[in-house]
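Letters A, B, C and D mark the chains as written, and numbering starts fresh at 1 in each.
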Amino acid sequence: MKSIDLNADLGEGFGVWRMGDDEAMMSIVSSANIACGFHAGDPLVMSRTVELALSHNVAIGAHPGYDDLRGFGRTPQPWVAPNQLAADLQYQIGALRAIARANGTKVRYIKLHGALANLASTTDLWAKICVEAIVGTAPSLPLLVMGDCHMEQQAQRLGLPTFSEFYADRAYDNEGQLLPRNQQGAVILDPNIAADRVLRLLETGVVSTAHGAELQMKPHSICVHGDHPTAVQMAQTIRDRLEKAGVKIEKFAL
Amino acid sequence: MKSIDLNADLGEGFGVWRMGDDEAMMSIVSSANIACGFHAGDPLVMSRTVELALSHNVAIGAHPGYDDLRGFGRTPQPWVAPNQLAADLQYQIGALRAIARANGTKVRYIKLHGALANLASTTDLWAKICVEAIVGTAPSLPLLVMGDCHMEQQAQRLGLPTFSEFYADRAYDNEGQLLPRNQQGAVILDPNIAADRVLRLLETGVVSTAHGAELQMKPHSICVHGDHPTAVQMAQTIRDRLEKAGVKIEKFAL
Amino acid sequence: MKSIDLNADLGEGFGVWRMGDDEAMMSIVSSANIACGFHAGDPLVMSRTVELALSHNVAIGAHPGYDDLRGFGRTPQPWVAPNQLAADLQYQIGALRAIARANGTKVRYIKLHGALANLASTTDLWAKICVEAIVGTAPSLPLLVMGDCHMEQQAQRLGLPTFSEFYADRAYDNEGQLLPRNQQGAVILDPNIAADRVLRLLETGVVSTAHGAELQMKPHSICVHGDHPTAVQMAQTIRDRLEKAGVKIEKFAL
Amino acid sequence: MKSIDLNADLGEGFGVWRMGDDEAMMSIVSSANIACGFHAGDPLVMSRTVELALSHNVAIGAHPGYDDLRGFGRTPQPWVAPNQLAADLQYQIGALRAIARANGTKVRYIKLHGALANLASTTDLWAKICVEAIVGTAPSLPLLVMGDCHMEQQAQRLGLPTFSEFYADRAYDNEGQLLPRNQQGAVILDPNIAADRVLRLLETGVVSTAHGAELQMKPHSICVHGDHPTAVQMAQTIRDRLEKAGVKIEKFAL
């Protein structure tokens, strides 16, 4: 029987503000990418999200991003100094690890967030800066990345294990990159169409791009979003359809 | 030959702003209490301060405080929720540990900062909250505390080792508490008077209070401040006088 | 025909985070207390909220609070320095006035938020600090306050006009203070019971306290909350019931 | 007798941190560009700086910058949304105006800070966004700008008065732009060489560029920096040399 991981970005509140329905999502996914306080999350939100993951037997991933609370880490910051970014990443990862430990559990993997993830996936320079920063402080934590990207290559060079993910609700271009959100058709809103794509990918190893080509992919995890109005329904539909097709939802961790 | 530790609060800059002369102080002290980003410090400042400590063979302590950048952690916050404070402490400690690890070293101890240190030293409730938060994430890191305070008692209860410190340049009251800064004579400005007190304490185990009594103390470390205009001269004088008297300056760590 | 103002705290998002349904509330209330960036709101949120108020012909009030984004301005801060609090108030008020002006409108009144409002209502010292700070920078803007409180007295002393408000969905004690939220019955959840109280107050000038006494009040405005799950329904019910009883909803501004 | 304005960036502390010697600089300059809390400054620092300016009869300018406390407003942010930047500018300007008013004085002009000033000087798009934001909330406040730049052109288009400045201690390229700080010779450290350039410019209207050309300029103000170790000496030397040559130091304000 086949199995696959389902991951989502959770713990994205701050102070009194909430983002999405973490409780509902935790009962659907097998891995939670938890914000670390720089683009979202704060220590108490992180602590509660870790507890919630633990109670649902969901794997905990650190989800560090740019120091950009107002912009939710979605503002590109190519001018940030490399040593500042490296320290910011280490700081965030260590912070979540300490909170996980205080709750009797551990961080299992790392996934970069937002504009930082985009930059590090698509440029070798920033992939190198990020992977070197991570390997310095967490030399055995796997990275969850887009398949076939610069992060994957740099991780392999430095001996960090990687797992790759497929975005269930996002269209891809012919180079295997996500279509930018502002392009038509970039975001797939129909849960059944998203589920169809995932099932076809798991059965055939192939996904159709927005421009009509076919891409080969072999992901370890399916990413579903937690912050859309219909996020819970989307995630639940994908999980139900996968399980009905005999695919087990199971965390990927080593 | 006797030995004693000298500690100072360092890494208290933020962004482009600096506080005191960390480079000079690192060549004098044996232990550095490094701010963790909530009342001072930021990841890059922390990383540079860790490097500086390492290059001077100075022990690294985590120096967490209230989430209060504008107030430098000196504003009392008795209304903060205990679970928020606990998460804030864990977050800060983990962040510094991760940065220390990335620099090939380790955090050796924890010392609370500012208004939080005052509250936790003098009230059993907050001492308990702080020690429980710390022991949850760092069960073997010693605490550097005022001797004979609630933090020490709670640490003993939970099995955390403690080391105690004496403030070279601050007057004590008859209960062994620091005289508040706004009272006359609270801060000792003459380096030689401060050095005299330290030497007498090391030789006799006794210090005179501001109100004429004699206190018994047996500190493991002498705290000198790094942020006064005359801080470097004060610290250097104390170190010189101690060494001339045959006392070796040596970190206290386990 | 009688008339009364309906006010609500709006513009309480930050960055990507939202709080309540500002669009729906703006079509119900006649006055909007707009957060100024210290406990909630940011310049862009403020600008959008001002635009929304303008398009609904709703009066704009500045709603400054403590510098406490994580705590939403609900954490008491009695240790903040008076001159810092004064500058913080002036800063926030000026910021909103500038944004209102850029949108072709004006701030019509000031209402303090959260823990600051509580402290300034109930202590003469902080009422004086707040009113003096406000009168220094906005000598003719009226204050919206609890009736018969220290803010009202200090405003009268310094010549600032005041308007008073009644909380539709909160129980009062015999001294005319709000029952703390953590006490049973403090928050009224049934829209019709809240509407009944408002109508009785407008007709008779009397409201029953939680402890069985009767208070005389003559408010200029009814405060409804915008951040509860049932806030819109509560506010709409009160408005509908008032209008059905022949009371016109009308802003109080000079 | 000729006269010229001397301006410097002041009030660049934050919380307990200080930057430069504001007290000394206030006795030398005639105009102070005061940080507004987004890249430096906080309400209390702003209030104290306004008081200091007032006591030295120095003109107060608003010095808004990017929302970038950690980077001191020196990080380019070309991805910030135009409506967010516009609101940020209005917010900062209004905040300082309110604090000035509370101190019985007024903001006399606006000068952009750091990376924002660079971007707005050199690109028409951002100059337009900034000038439109400013004119919306402060339609009669003059701008202090680099001569012959996009900010000047956009200000003229929208009817905002401008004054231009010359950087005493920075080398220019042949296009009249400042040589980037990381290029050799970009920063002039010798106070007498800087004073010579200023005097020659005032006498002949000409300044030599770093690449050997001669530029025509007719500035209304000379900018001296307040944050270098030798800033006070530099500023004092320029003032002394100017006065000895019969040039009066006088604010430019309308």
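Throughout what follows, a residue touches a chain if its C-beta (ideal position, glycine included) is under 8 Å from a C-beta of that chain, and two chains touch if they have at least 3 such contacts.
Quantities reported herein were computed from a predicted structural model and do not represent experimental measurements.
Under the touch definition stated at the top, chain A and chain C share these contacting partners: B, D.
Of all the chains, the one whose CA centre sits at the greatest distance from that of chain D is A. Least-squares overlay of CA atoms from chain A onto chain B yields a rotation of 180° to the nearest 5. A straight line joining the Cα centres of chain B and chain D is 41 Å long.
Put simply, the C-alpha centre of chain B and that of chain C have 44 angstrom between them.
Along chain C, residues 42, 70-71, 84 each make contact with two or more other chains. Note for the complex: chain B touches chain C at residues 67, 70-71, 75-77, 79-80, 84. On the chain A side of its complex with chain C, the touching residues are 13-19, 42, 69-72.
Interface residues of chain B, counted against chain A in their complex, comprise 37, 42-44, 46-47, 81, 83-84, 86-88, 90-99, 101-103, 133, 136-138.
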